[in-house]
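What follows is a short report on a single structure.
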Amino acid sequence: MKDVRKINCDGVITSRRKIANNIYHIKIELEERFPIFAYGNFVMVHLKDYMNVLLPRPFSIFRAKNKILELVFKEVGTGTKMIATSILPFNVRVWGPLGNSFPFGKDMLCVAGGLGLIPLYQSIIKRNFKEVFVGFKNIYEAYFVKSLQKRGVIISSDDGSLGERGFVTEIFYQYLKRTNFKGKVVSCGPIGFLKRLWEIEREVGNIETYGSFEKHMACGFGVCLGCAMETPWGFVKVCSDGPVFRLKDVFGE
Amino acid sequence: MSLKVRIGNLELKNPFMPASGTFGSGLEYEDFGNLSELGAIVTKGVSLNPKIGNKPPRICELPGGMLNSIGLENIGIEKFVKVLDELGKYETNVIVNFFGNSLEEYIEVAKILDGHNVVSCLEMNISCPNIKEGGMCFGTDPNMVYTLVKEVKKNIQKDLWVKLTPNAGNLISIARSAEDAGASAIVIANTYTGMKVDVATKRPVLGNIFGGYSGPVIKPITLYHVFCCAKEINVPIIACGGIVTLEDALEYFIVGASAVQVGTANFTNPHILWELIKKMESYLRAENTSLSDLVGSLKI
Amino acid sequence: MSLKVRIGNLELKNPFMPASGTFGSGLEYEDFGNLSELGAIVTKGVSLNPKIGNKPPRICELPGGMLNSIGLENIGIEKFVKVLDELGKYETNVIVNFFGNSLEEYIEVAKILDGHNVVSCLEMNISCPNIKEGGMCFGTDPNMVYTLVKEVKKNIQKDLWVKLTPNAGNLISIARSAEDAGASAIVIANTYTGMKVDVATKRPVLGNIFGGYSGPVIKPITLYHVFCCAKEINVPIIACGGIVTLEDALEYFIVGASAVQVGTANFTNPHILWELIKKMESYLRAENTSLSDLVGSLKI
Amino acid sequence: MKDVRKINCDGVITSRRKIANNIYHIKIELEERFPIFAYGNFVMVHLKDYMNVLLPRPFSIFRAKNKILELVFKEVGTGTKMIATSILPFNVRVWGPLGNSFPFGKDMLCVAGGLGLIPLYQSIIKRNFKEVFVGFKNIYEAYFVKSLQKRGVIISSDDGSLGERGFVTEIFYQYLKRTNFKGKVVSCGPIGFLKRLWEIEREVGNIETYGSFEKHMACGFGVCLGCAMETPWGFVKVCSDGPVFRLKDVFGE
């Protein structure tokens, strides 16, 4: 990403919309134009006015146009709770785009679980994939459903309250077995989800699965070494070597 | 109303620089500001051999501070020398933070750095275990500090700064040992050892059990150490601990620091050093005073 | 699921007690709860002669912590003995925190307290300057600690707890000295020396220049000290530093503390000790565990 | 105050009204009935949900009835800013009544400067004084003016924008000289104001002036020894020996 310009500027959260249980879509008005970015890149967001929340938080870039940056996040802890509940306008500092991105190509598959949809959504909308699988826990945690359905996305939920019933990884697995697909798969979701995808790759062979990983971060661009992830070949930095890795390079023997 | 300051044989265009380990090699910050405008670049600690660092999780956020247990991960001096070449293009001082697990390792790295033309000065991190002496931290014993500094200094031409660990208790005797042994400046201080337990799992939050506590919350303690040492030590003191705002830096100058290092705050605003320099200029202009008048101006 | 805990010869009905100096004589809290329900009452430090304390301002609030420079103000042992009589009506342990400026003063106060029937046990504060030895803090030198504890212990029958200062650097050797010399428990720890400067006036905020840093922000460091000492020391450890929530206390139990003291948090909620005891009961019930199973249960 | 019952309970700020420049009147709904109190007593208020503001803040009791406690405060720093600007309801913990109180008696005078009016206001309203002097900086910082005027209070302002022009201490001084008043005076105001009142007492003699003092506090009831105030006779604790002292006992030689 060395050649992509990064910004680091103040911004103001000007709009916030609840789109599912504990999930929000926000717009940040930046002081500068947000640069060109790639799917999978993320930004660091610092809650300037809350000394309590010391470190910035990493969020995937959902969309960015001119000075408007859009993020989608789930309320899980102190920081996201503040963003979810404080009165707007709300001051932040943002830097990015950061990290590497998903591979690009023809006829790829896409598998997303829960919040994992966010970095992939715009690419899905642009119909960049041969087939897309999106799984939610249940209907209450699902978002952008209509728009996904319009694009022929295969939607599932763990409890069957929306779309097919079952884990999205298993629906994807059945598809692979049915179709004998060969090629690249991009994915994003919780760690258990990614591990299962790696098991599937090992079993079916012929596919190259890429996934986006999460680790606690302090800087977001390779200086603090805080986001180290263990792999069989040593540590990698999730923020600057990733967040997208070939699953084999993380879990591989 | 110049911001210039002399530290030993070095002239800094201003007294603001990053703290080692929070600024990478410096190159990672190219996107965020012109590195030539900083008083100095201080690079991540380097050792003779590469070090893979500690088991994750390596960071843990706490209210007003953070714990890190990076474990001094670094690529080793050999590869690092190539990074140094790249830093040569910036018109500012390049301070290289280094460490070792034995006196010999310290000397060997120091010699290599001393021979490199981009390096302005060496910053010695003494918060490391002395493996030969049963793993006791070099920086907590005045005699070990004296020997270490003396022996390293014998082998180099360049200025040597010594960065103390605050876990030593009384820093004055440690600082004095470093000064007597030939340090050109004393950097006060590194992180405070701390830990956090996840009550639900009964496990330490950090993979390494404990880590270094940094950020705004440590400032009152480090400020006191700087105050105490500034009264007793003749070489310049460079303060480091919890600086976020200009006020924080001013407090350090007032109690006697000649320059300051900013650590954790680089993570909360990658542009912070440049902003502090600007604010410092405005402050000195508004107060119609100079940095040298400010340093040690505490009224008691 | 009893909350009882034995510390030396004392049985505490639960492991929660106030930290000295943040609970007055205890009587001031009569309005806020039944003192008999506490594991113990720990009284404000008392010395042989009355002490008028430090020049104001004596407190300074910081984010997540506070500095105090009370200066161990107290009414002296003679008047204090009358307060002790009043405390006799409560059915709990009365722990008296005391200090001196010389070995002789320590011994003299200890003897008086030892002879008083309301006193359950003595808590020795060793964060005081040894005037005879040039004002160096008793608590930072293992040899001074050994002598002090040994000599005081010789002169009393009751249990002696020793409260360490965290400013000593390595607390293990200090704790070991106290244990070897006959302490029944080690209290870890007192406040961290810190300061704050008012940038506008260039004066220290505290009348005494520096003070003791307490509150939530010190917990990671004190937790680490408790963890280190618990592995090395055989007598019970009583943890003290930054406890506000039950989780804070649990962290201390998990790393090995047998009981805890709550200081600064008494100021933010005078009812906190009673609330913590209730929450602890619920926690042990919900987890179906006991205090003794919890103590030292850290998984590493 | 030993015989007065104290409460220590949670409460919720349910209403906030700006009554002058940076000055607010708030109502706290307590979980318990507020006990009987005396004029001059104060409460400690802790902002439970803001770890940033560690210590509780002392405030004079403006009025209390059943479970409703009313305070009047000025926005000066971190804590009061939060109370002034946060969305209601706002959680607090309150304990009190704390401290001693103003002397009670017939034919006393009352002098208040700025915020010093607060602990004395209810007593003024009850017409407990022979004459009352209240001074404000200017008309923008003045509050409860109509109600004071109705009770015949002598109002002044430093800049003359309201009532008589000049420092309230000087208007009071002129009164003393004119009337040769003998007796007790109760007062509350900034430290310079209290010092001036002591000078006046020394000059005119025959009066006993009592004033309410302020010091930074941690506990509010005599345990932390943080609120020590120097007097010629040693330290006193503002929270529990005071906050009301005879000026002579603080400034006297």
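We call the chains A, B, C and D, going by the order they appear; numbering starts again at 1 in every chain.
In this section, a contact is a pair of C-beta atoms (placed from the backbone, for glycine too) under 8 Å apart; a residue touches a chain by one contact, two chains touch by 3 or more.
Everything numeric here is computed off the predicted structure, so don't read it as measured data.
Starting from the defined contact criterion, work out which chains touch subunit B and subunit D both, please.
Touching subunit B as well as subunit D, we find A, C.
Taking each chain's centre as the mean of its CA atoms, which one is most distant from subunit B?
Chain D.
Indicate the whole-number Å distance between the mean C-alpha point of subunit A and the mean C-alpha point of subunit D.
That pair's centroid distance is 56 Å.
Roughly how far is subunit A from subunit C, going centre to centre by Cα mean, in whole Å?
That gives a centre separation of 49 Å.
Where the CA atoms of subunit C average out and where those of subunit D average out, how many Å apart are those spots?
Inter-chain centre distance comes to 36 Å.
Centroid of subunit B to centroid of subunit C, CA atoms only: how many Å?
Each chain reduced to its C-alpha mean, subunit B and subunit C end up 34 Å apart.
Could you say which residues in subunit B touch two or more other chains, in rising order?
62-65, 216
Mark out which residues of subunit D touch at least two other chains, giving numbers and ranges.
Residues 51-52 of subunit D each touch two or more of the other chains.
Considering only the defined contacts, which subunit C positions touch subunit B in the complex?
Contact set of subunit C toward subunit B: 62-65, 67, 140, 167-170, 192-197, 199, 201-204, 209-210, 213, 216-217, 220-221, 223-224, 227, 247, 250-251, 254-255, 297-300.
Which residues of subunit D touch subunit C in the complex?
It comes out as residues 5-6, 8, 46, 51-56, 93, 95, 215-219, 221-230, 234-235.
Quick one: which bits of subunit A touch subunit D in the complex? Just the residue numbers, please.
Its residues touching subunit D are 51-52, 87.
Enumerate the contact residues on subunit C facing subunit D in the complex.
Interface residues on the subunit C side: 21-24, 28-29, 31-32, 44, 52-53, 55-66, 68, 70, 73, 215-216, 264, 266-271.
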